[in-house]
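These notes open a run of structures that come right after.
Look for chain A in each of the two complexes below; its partner is chain B in the first and chain C in the second.
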Partner chain A sequence: MANSVVTNQKGVLVDLTKCVGCGSCTVACKMWNNQSFQHPQTEEFQNAHGVDVELDSNTWTTVDHKLVEKDGKEVWRFVKRQCMHCLDPACLSVCFSHSFHQTNEGAVQYNPELCVGCRYCMIACPFDVPKYEWEKVMPSVMKCQFCSSKLADGEAPACASVCPTDALMFGNRDELLAKAHEIISSDSKYVNHVYGEKEVGGTSWLYISDVPFGELGFPTNLPEQSVPGNIHEFTRFTLPIFAVGATAWAGISMYTSRRHKVHEAEHGHHDEK
Partner chain B sequence: MEKHEQTENKGMSRRRFLSVMAGTGLVGAAATMTGCSPVSDPSGTGWLPNQYRNASAMPVKVKGRVPLAPENVSLVRNDEKCILCGQCLEACEKVQSVFGYYELPVLDEFICVHCGQCALWCPTGAISERDDIEKVWNAIQDPDTYVVVQTSPATRVGIGEEFGMGAGAWAEGQMVTALRKLGFDMVVDTNFSADLTIMEEGSELVERVSHGGVLPQLTSCCPGWVKFVEYYYPELIPNLSSARSPMMMHGSTLKTYNAEKLGKDPKKIVNVAIMPCVAKKFEISREQFHGLQGGAGHYYNDDTINDMDYVLSVRELAKMIRKFLPDADNFANYEEGKYDQIGSTAGLIFGNTGGVMEAAVRSAYKLITGNNPPAGLYDLQPVRGLEGIKRASVNVPGVGEVKVVVASGLANARQLCEEIKSGKADFHFLEVMACPGGCIAGGGQPKTAVPPQDWVREARTATVYEHDKAGQIGDTNEKGGQDLYLRLSHENPMITDIYNEFLEKPLSHLAHELCHTTYVDRSSHLVRKDV
Partner chain C sequence: MSGKRWSFKITPIRIAMFAIFAVTLVMYLYRYYVGLGAVTDLNDAYPWGAWIGADMNVIALAGAGFSMAIISHIFHAHKYEPLARRCLLMSFIGYVLVLLILIIEIGRWDNFWRPFVSPNLHSPMFEVYMCIVAYLVLQVIELVEVVTEKVAPKVQQKMQSIMPIVFIAACTVPLGHQASLGALYLAMPAKLDAIWASQMMPWLFVFSSFFIGPCVAIVEYIWTSARYKMKVDTDMLYSLSRISAVLMAIYFVAKCADIVVRGQVGNVFAFNMTGNMFLLEMLLLTVVPIVIHLTPFGKTKGGLLTFGISGMAGLVLTRLNVVFTGMAAHLGGGYFPSFLEIFTTVGGFCFAFLVYLYVTENFPFFYGVAGDAEGKPVGESAESGFNQAIM
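After this line comes the complex of A and B, so read on.
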């Protein structure tokens, strides 16, 4: 179901075992997107990395510090969160104002200039990514753009370019996927799962980890079929149902109006007197 | 005329205007809805350092920044100021060999030895010491407390730089005056406790050398170095001198010996230290110095007494002076204040890399031979200077050649640790300071050059040695006329006093309680990486 616009599908492979929680990626994101460190609603200063830090309209990526149990010991794991850039994005499919589109590189770009603020995308997103500018009079939805202009220029996205440990590896998605499987099969510490390979039809961002993804806050109950692909099973009947309905309605309308005319002709102008 | 123009301007009727507007709106809305309308690219347009403007497959060497735990007791980072220049990481990895020397994934700690080199290298001030000014100020304002402040040897060649006095300017007297103006009740000199350290650590060395103890002995004054050993070389913990750092010895003796002398309730004494260091903030948080595990707490059997209470960096002191003293601009002209408790210039040279070694050699000579050292040992050139690793040997009558090594910068120290581990080390005593150049260029010193530069280090080092040569510290030169007086820790009259009146002798039971400590194996918090 991948959009035919995407001719050069890029991706980022996140190796969660390599992340040291420095938060460089979150700073790079703020710098490149000219975002402040203020929480849009509370207006309090906040770092975009730490324990229980969440995405908001002003923070498109976070690094969530998670203290999890591993082999009977508590260990830190740091989980970068941002838009997963689905290959077949639900947000794009539900948006009736065409605010979303995919770039050649597979970035799911959101354009606030086209947005009417209905927030369908927020409901549709399986990863709870789009965030609303609740504080604004004319709010938009906001999310990571995968640095689409940098990608178009042959550059890595801001976050991936600054990672000091290569926990974020940028490249062609198919190559990264092969690499992910290679890493997993050659090192037994990894969980045998590339998150994002199949989830909701596949995502541009891929994760590998030595701790089960569920413990790190990833939704694990997602189908392998994309959301648009899934609902296509019944949404594809929309037009036929409309057509049949319209035809039926037209038919009934014609029938009743004709019957009315016949009735009038037969019984004449009884009431005129 | 005017009227005529106005009529002409009203060329369009209201009805027509409205329909044109409505039409434009409809066309625009239609174009927008169908996605035909040209819209600007919503992608980011910000700025990133040049090294990041490429595909990440490129082997960029300088990127990212150091991981810092939000709860780090020494250092904080303001993300708003971070420009991802990568300098902190350069310092942490290349200078200190901390980052990159443990395997990933990480375990349960953000590995940090709190040296603060990252803060010195940070060009924007995003990384800085955790600010404790308010806590200290509140203690000073509290009429119930007796606030004692001690100043580390290296502070007096740093603080002046914050007030335009030039690199390495001597500002001891001005600093003491400023501290008194700020309202500290007692101003003492860490040079004194450095002397005390020499007595304890020197005696320990003599003990180890003469009774076949674990050698080489490693100095333990530098909390960054100590934590480094605890993380990476726990097998060398037995080599670490059990002597506390001067600051911690001072903390415990101030709340015991001095408290008794002054007739003060030790619970009301608040110990503050001005340090060229941010690792000292971590050091006072070590549980070995708290309550019953600590010196003073154990002495009084009181769990609420900690040996030290607050540490301020030199930068924080400068900030405090500017904030609270209206005449701060006149700092350079402050009168020459005097300490309430003085140290020797052997204590003073602790501030330079090689200084602890030189001071120790001077007194160890006395401890072993019973005589004061010959003139050459007052100018031990091989251990002086900014070279990362310096080796020397000293001929001590009765013992023979004592081989000593001095290192500053933990990457250099790491080489020596490997040497010891592999059994190749033939030296007896190793001095390590985490910061290149020693405390004079410590992580809490003014950022006179960013990143730290040798010309600043050299200026500060030179001032320290100059004042050691002059031997003019303090004003109680009772034995006036003797050149070498007060260049020897063991001849500091206050050191003689504390042993006579309180501690009895070096390594006594009480000295062990108040002036020595234990270490923790921290190797379970990381997987050491052999690089």
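After this line comes the complex of A and C, so read on.
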């Protein structure tokens, strides 16, 4: 893991086969974070669960109702979405003013004080999580903060604590990961994949499902390499570029100007053709 | 260089540009008053739009400043020095334009200084920002040196001791931001279309911003020569275009290798939107200029102009293809620049153009052209071209 700050990595295991789409978690999130049910830009009333619901600056989690085909039948599946709290987060690494940081528990937090509003985090997040307060004159980026104050107190996040079906299991990430593998290997209905185990270097939130993740709107083309890892393949050359560049230019410059002088001395005048 | 020096010729087109820029300033105030969302079409799915696209292109083309400096100051190809000066000026104005656009593009302009005190060294955006700021400072020093040569020779003398370092630094720093602009997109390997999403992107970006320098220089030279009714030194331009053409050929090979290694040949020739746009980009940036250069047409004024314009258009396309075409599949079609976004961008360009005209007409020595306030060249130097006039 890139960040040593995280000493007590928490996580949530989402068992999509258990979710009934009630949306309680979305309501709990709104209440805990004191958010209205209005769309921030259109100001229309909206539920945070249903068909085609989307995250916005006022809605940090949604439960997306998906009609998918399974064994020749149409079935509903309900997918909770929020920030995945990546172990090596893209948002954190791309932000040039360090507006993001990780807490001990692995919550990826945003500090509006430092934000310049370049919106690179929004376009860089592999899960398109950060949203913007477009309607405001002095906007901030908004996203799920993993109820970091609750986590610091050893409590489960608001959303997980209200789930009536135990679809959201809160705990230590490594234990949840072991549990996830145990569940999918003991029950053949599950797809043999723990989403979030390896995607972009791993995420705090993990998902197991009986329907392929691609059909549920999860990005399936993510590399196992984290985004910061990918960028680092370039940034590690930064200082060498400057060092080599400056040295090369100085060297070439001295050489060509010397050659130029010799040339001038021989020919007695400027002759460059 | 006698007579009224600090004046500006007024033509209808210039008045129109002034007007557009004035309206742009009003729009700036309006945007600061109501916020980003109200005046742009930017949204959660499409956080980067026309302004970013414009900035990417201006920076890439402004690479002319550093590439011509390298050619003339580092490789001591002195015959290109007047061109390097003009490119320095254009490039400086270009960077000012970039900042002008950025101050309305960023959501929290009041926090612009935060990266200085809360830096993230791992962010390519940080490198872009720092290098551009550093480069602007270096360019100001270089410009002061050029201007004082005639206006205050004593100051210029004093500056000589630091100039070699400034020149080297000014040729090095842009490597950082030109490459980092490509590195911005290393963060989206799964979002950017695979035709462009390559780890080589930073290097291809910096390389293309380098070889575009001669193209920009050639186009500007021919245009200025037309303005001042000067003879065009096609031999000199032709040898300059050779530098570009050779590097374009290398770029072409590198790009093909990149496509082949990553197994993208099929996507390139899929004859869909992305494939075709890629082919067009390659055609304009490399194939067309190289072919022109290899034929006798490449030695004529028209050929050189086409060479330069095709290269510049191709370069613009490489950047737009990354910002828009390559991201379209992921971002969806939910964005079209608003009237204000387009107008302020045009307004910014008008500002840049007016500054350019003002400076060149009041400081003719930028061009090695002796001219009066009307911008009309005076004396013989006009006929013989600035190449001799500067000496």
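By our rule, the second predicted complex is superposed on the first by the 244 of 273 C-alpha atoms of A that agree within 3 Å, B and C clash if a C-alpha of one lies under 4 Å from a C-alpha of the other, contacts with A are read in each partner's own complex, and residues count from 1 in each chain.
Basically, a residue touches a chain if its C-beta (ideal position, glycine included) is under 8 Å from a C-beta of that chain, and two chains touch if they have at least 3 such contacts.
All values derive from a computational prediction rather than experimental measurement.
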item	value
Chain B versus chain C as contact partner of A:172, first or second or both or neither	neither
Touching partner for A:164 - first (chain B), second (chain C), both, neither	first
Chain B versus chain C as contact partner of A:114, first or second or both or neither	both
Touching partner for A:98 - first (chain B), second (chain C), both, neither	both
First (chain B), second (chain C), both or neither touched by A:73	first
Chain B versus chain C as contact partner of A:50, first or second or both or neither	first
First (chain B), second (chain C), both or neither touched by A:24	first
Which superposed partner A:150 touches (first chain B, second chain C, both, neither)	first
Common ground on chain A, meaning residues reached by chain C in one complex and by chain B in the other	97-98, 114
Residues of chain C touching chain A in the complex	32-38, 42-45, 47-48, 70, 73-79, 106-112, 114-115, 118-127, 129, 164, 167-169, 171-173, 175-176, 179-180, 183-184, 186-191, 199, 202, 235
Residues of chain A that touch chain B when the two form their complex	16-24, 26-28, 30-34, 36-37, 45, 47-48, 50-51, 67, 73-77, 97-98, 101, 107, 109-114, 145, 147-150, 154-156, 158, 160-166, 168-171, 210
Interface residues, chain A side, partner chain C - complex	41, 54-57, 90, 93-98, 114-120, 122-124, 126, 128, 131-140, 219, 221-223, 227-228, 230-235, 238, 241-242, 245-246, 249-250, 252-253, 256-257, 259-260, 270, 272-273
Residues of chain B that touch chain A when the two form their complex	32-35, 39-48, 52-57, 60, 63-68, 70, 79-80, 82-84, 86, 89, 104-110
